[in-house]
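Next come two complexes, and both contain chain A; in the first it sits with chain B, in the second with chain C.
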Partner chain A sequence: MAQYTQLGLQDAASPLMEELLHFHDHALMIITLISAFVLYIILTMVTAKTTDKYILDSQEVEIIWTVLPAIILVLIALPSLRILYLLDEINDPHLTIKAMGHQWYWSYEYTDYEDLGFDSYMVPTQDLTPGQFRLLEADHRMVIPVESPIRVLVSAEDVLHSWAVPSLGVKMDAVPGRLNQVAFVASRPGVFFGQCSEICGANHSFMPIVVEAVPLEHFENWSSLMLEDA
Partner chain B sequence: MSLAKPVMRGMLAKRLRIHLPLAFLSSFGLAMAIKFMITEPRKQAYADFYKNYDSAKEFEAMREAGIFESVQPSGK
Partner chain C sequence: MSGNDEENQSKGFKILGILDVQKTPCAREAFLYGAGGSAAAGLLHFLATSRVKRSFDVGFAGFIVTTLGSWFYCRFNNAKLRIQQRLIQEGIKNKVVYEGTVLDPTKKPNAETPSGPT
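Take a look at the complex of A and B:
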């Protein structure tokens, strides 16, 4: 989850998010380089005692400030496109889960083997127990097996929503009448939080997503228990 | 007695000769500082984290701490 004074991205919990994190560092480094250069030039211009009459028609500087940005853009585009194609790789998921957005909760359906479905409402602030996180906890978590490719089919029953879990590097719009697919692997066990990322009405900020990654045998026990309770 | 002839031209070029390389060097230096103080250490931190990561052990520790809802601590 996000921390109070956090500036950067959340710690990655999937290989794709790690790639995105490193790319973000790379892009930020280039942005800082350009900003520092421009700041230095501005300071130099502001403190100059000379004035230059010849401010038109300089082929040399025109060439430099066209070619250099083009090179910088290529340096940004190459890793960006690499990650873009990585996102779209065929991944042979072990499990498919449907995440449906409603006003104002998520529902999850595990229909690969049996018919398991449940709703996931936010835990209201007054019902939180010590150690729980305000506006992030849900009464039923989406449980997945760790280190297994998971496919989530995202859709909505009413208005636009968006299913997002930053630490897994996942965000996918939930559009009524449309099935969007997103795939990821949880690299390590843990609990990962996200929030609805498309404005959907009064309680848009109060429909969080909680993903719990556990070893396969525990995931199987959990799904059996859920089926019994249903 | 005559005064020394003042500098009549080339003032901008002189200034650019000093400041342009300085601008490139300082911004490139800052970018390299970011690369070697932030970018590379972060890559190394992730590599080190996963090099000897014992997923089962970490899961058990989290389980005993009561973090999960699908799995109760072993005592319960």
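Take a look at the complex of A and C:
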């Protein structure tokens, strides 16, 4: 989850998010150097004693400030496009889960093998136990096996919602009457939090998403328990 | 608890308020090398030409070139290490899964012994 006053991205929990993090660092370094360069130019111009009122053109500097930005843009675009196409790859998922957005909760359906479905409501602030996170905890988590490709089919029952988990690098709009597909792999066990990312009414801020990645054996035990409770 | 973790972690230092050099891999080394390269380039140019302003410009250019060079070199090596790490992880997983089977990558193929009359 995000810490207080956090500006940067959360730690990656999937290979895609790792790639996004690295690209973000790469782009940010380029931006920082360009900003430092602009700052230096401003300081130089402000402290210069002479002014030339008769400069009409300068072929050399115009070539430089056309070619150099083009090179910089190519250096940014190539890894960006690579990640863009990586995001669209769906590599034989082991499990398909349907995430349905409602006002104002999520429901998850695991229908690959058995008919398992449950709702996931936010835990109200007054019901939190010590150590739990305000506005992020849910009564039922979406449990997935770790290191397995997962496909999530996202849709909505009423208005637009959006299923987002930043640390997994996943965000997909939940549109009523439409099935959107997103795939990811949780590369480490843990609990990953997200929040609805499309304005959907009064309690839009109070329908969190909690994904718990566990070893396969624990996932099988959990699904058996959930089926018994159902 | 989260409060103690925040005290234990050192606060990140952000260059120009945007790039956290302590938490971004390779950033700290890149900027340190850049600073060194900048100082060296500027100083050498000044010693050679005695032109102050131009030496500052050369120093700044040296900073950009050294920072970018160190950054890309470090990121490239990190990327190679990450790929090697993934290959090793896959190899260990495959070894565990396929051990003792036909697909075992460590199993040496036995030479076929011709059958004949004893």
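Just so we're on the same page, the second predicted complex is superposed on the first by the 226 of 230 C-alpha atoms of A that agree within 3 Å, B and C clash if a C-alpha of one lies under 4 Å from a C-alpha of the other, contacts with A are read in each partner's own complex, and residues count from 1 in each chain.
As a working rule, contacts are C-beta pairs under 8 Å (C-beta built on N, C-alpha and C of every residue); 3 or more make two chains touch, one makes a residue touch a chain.
Bear in mind that the values here come from a model prediction, so they are computed numbers and not experimental data.
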| item | value |
| --- | --- |
| Side-by-side fit of chain B and chain C on chain A, or clash | clash |
| Touching partner for A:Thr50 - first (chain B), second (chain C), both, neither | first |
| Partner chain in contact with A:His161 - chain B first, chain C second, else both or neither | neither |
| Touching partner for A:Gln3 - first (chain B), second (chain C), both, neither | second |
| Which of chain B and chain C A:His102 touches, first, second, both or neither | neither |
| Touched partner set for A:Tyr40, first chain B, second chain C, both or neither | both |
| Which of chain B and chain C A:Thr32 touches, first, second, both or neither | both |
| Which superposed partner A:Phe219 touches (first chain B, second chain C, both, neither) | first |
| Chain B and chain C contact sites that coincide on chain A, given as residue numbers | 22, 25-26, 28-29, 32-33, 36-37, 40, 44 |
| Interface residues, chain B side, partner chain A - complex | 11-12, 15, 19, 22-24, 26-28, 30-31, 34-35, 38-39, 42-43, 46, 50, 53, 55-56, 58-59, 62, 67-71 |
| Footprint of chain B on chain A - complex, ascending | 12, 18, 21-22, 25-26, 28-30, 32-34, 36-37, 40-41, 44, 48, 50, 52, 141, 143, 146-147, 187-191, 212, 214-215, 218-219, 221-222 |
| Residue ranges of chain A touching chain C (in the complex, touch as defined) | 3, 8, 22, 25-26, 28-29, 31-33, 35-37, 39-40, 44 |
| Partner chain A, residues of chain C touching it in the complex | 2, 6, 15-16, 18-20, 23-27, 30, 53, 56-57, 60, 63-64, 67-68, 71, 75, 79 |
